[in-house]
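Chain lettering (A, B, C and D) follows the sequence in which the chains are written, and residue indices restart at 1 in each chain.
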């Protein structure tokens, strides 16, 4: 396999999932499976005006890099991209992108799920709700289901 | 949840994964997770000039629709697209696309994997290898690993 | 005797030398397995196609069936190797 | 006594009323748990932030640590609620 480096970014700007996917397969004929996960902001039945994403600059990038390195050690990947947005994000807009490339689908699927499970529970990001009625709502609570999802990989 | 119909196509033409993904989220704010799987033609270390995909017209579409209906019954999906190409496909080109949309990532990931496992083992498509030396090679053998992958859902 | 359309795919098609044909279903051929046995006796190509019937998959009217499925009522019977799409 | 940078995020930051500060680490404060106890005694805001220390996550020099991690050598200590990104 060709050597590769994970592409990790933390940014306020939207990302282009199609462009990021194409980057992992461009000019090569050994990738058989490409998995793209996009996490989007939901309006929770019309209640939410926006989510605000706070992060720990420096540690956020470092922690995603640590998670990516674990995935690369565990599965025979040919490419990996993880992008997490920060700041205010409106319903329908993307928050997070994970792309994995491998020869076969099992590795690509598992690595993408692993990355998302650990991005949720280990990467230092916090979501605050902004309500449509103008009120700044609560911080989103961590979900036990996310901890359970991460625990299944150990 | 809004009513929706799976988008199923069998076609010779390439598909636009980005466009197909956007179709599932356009104009709605309740989708939280979008998973896209693209299966690509590998050149098997430079050996292959192309794969030729034969299919059973009519049954191919019907069988994918049956698999999609099972996925929609099993997971709370908000959209599902499955496109399978036919004919000669060069290395690096996409063969199959599956897109799933849901409120949460677990359903989107699992449904996409389920669809791919059953597309591989139940949808009536067959791959023949065309070698770079000009020879028309063998029909690709079914892999036990694919049967095992499908069996895990029962 | 009643007419049935037979369809062949991938290497079954190549060995049979034909992608589809219309036959009169002979009396006594009641299920998929019986039809494969009867076809294997037609000529060398069919014999080669159905030499290992356990490997062959079948569909009746475009739905997967097991080899013990009765042919009663089926208008289209297809034979093919295990699927390798996706 | 040695200088340490403290950083707070999400509702820990809001309750403390500050996103970062430089403190002199008092003698006798040896680990993350000890630092949280000491901070909780500073004023009402800190008391509210660290009222349930079991819920708080900590990082030393931008790496997750448990509450029994020694502070020795750390230049940056961060406190925050469980993560909710992704």
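Going forward, a contact is a pair of C-beta atoms (placed from the backbone, for glycine too) under 8 Å apart; a residue touches a chain by one contact, two chains touch by 3 or more.
Quick caveat, the model's predicted, so the values are computed rather than measured.
Each step here moves to a touching chain, and the least such steps from subunit B to subunit D number 2. Steps from subunit A to subunit C, minimised over paths through touching chains, total 2.
One simple way to say how far apart two chains are is to compare their mean CA positions; for subunit A and subunit D this gives 27 Å. The centroid of the Cα atoms in subunit C and the matching centroid in subunit D are 72 Å apart. Taking the mean of the C-alpha atoms as each chain's centre, subunit A and subunit B sit 23 Å apart. For subunit C, the set of residues touching two or more other chains is empty.
The multi-chain contact residues of subunit A, meaning those touching 2 or more other chains, are 39, 116. Within the complex formed with subunit B, the subunit A residues making contact are 17-18, 21, 25, 28-43, 45-46, 91-92, 103, 105-106, 108-109, 112-113, 116, 145, 149.
Residues 7, 9-11, 59, 62-64, 78, 80-86 of subunit D touch subunit A in their complex. Partner subunit C is touched in their complex by these residues of subunit B: 39, 53-56, 58-59, 62-63, 84, 95-96, 116, 119-128, 139-142, 146.
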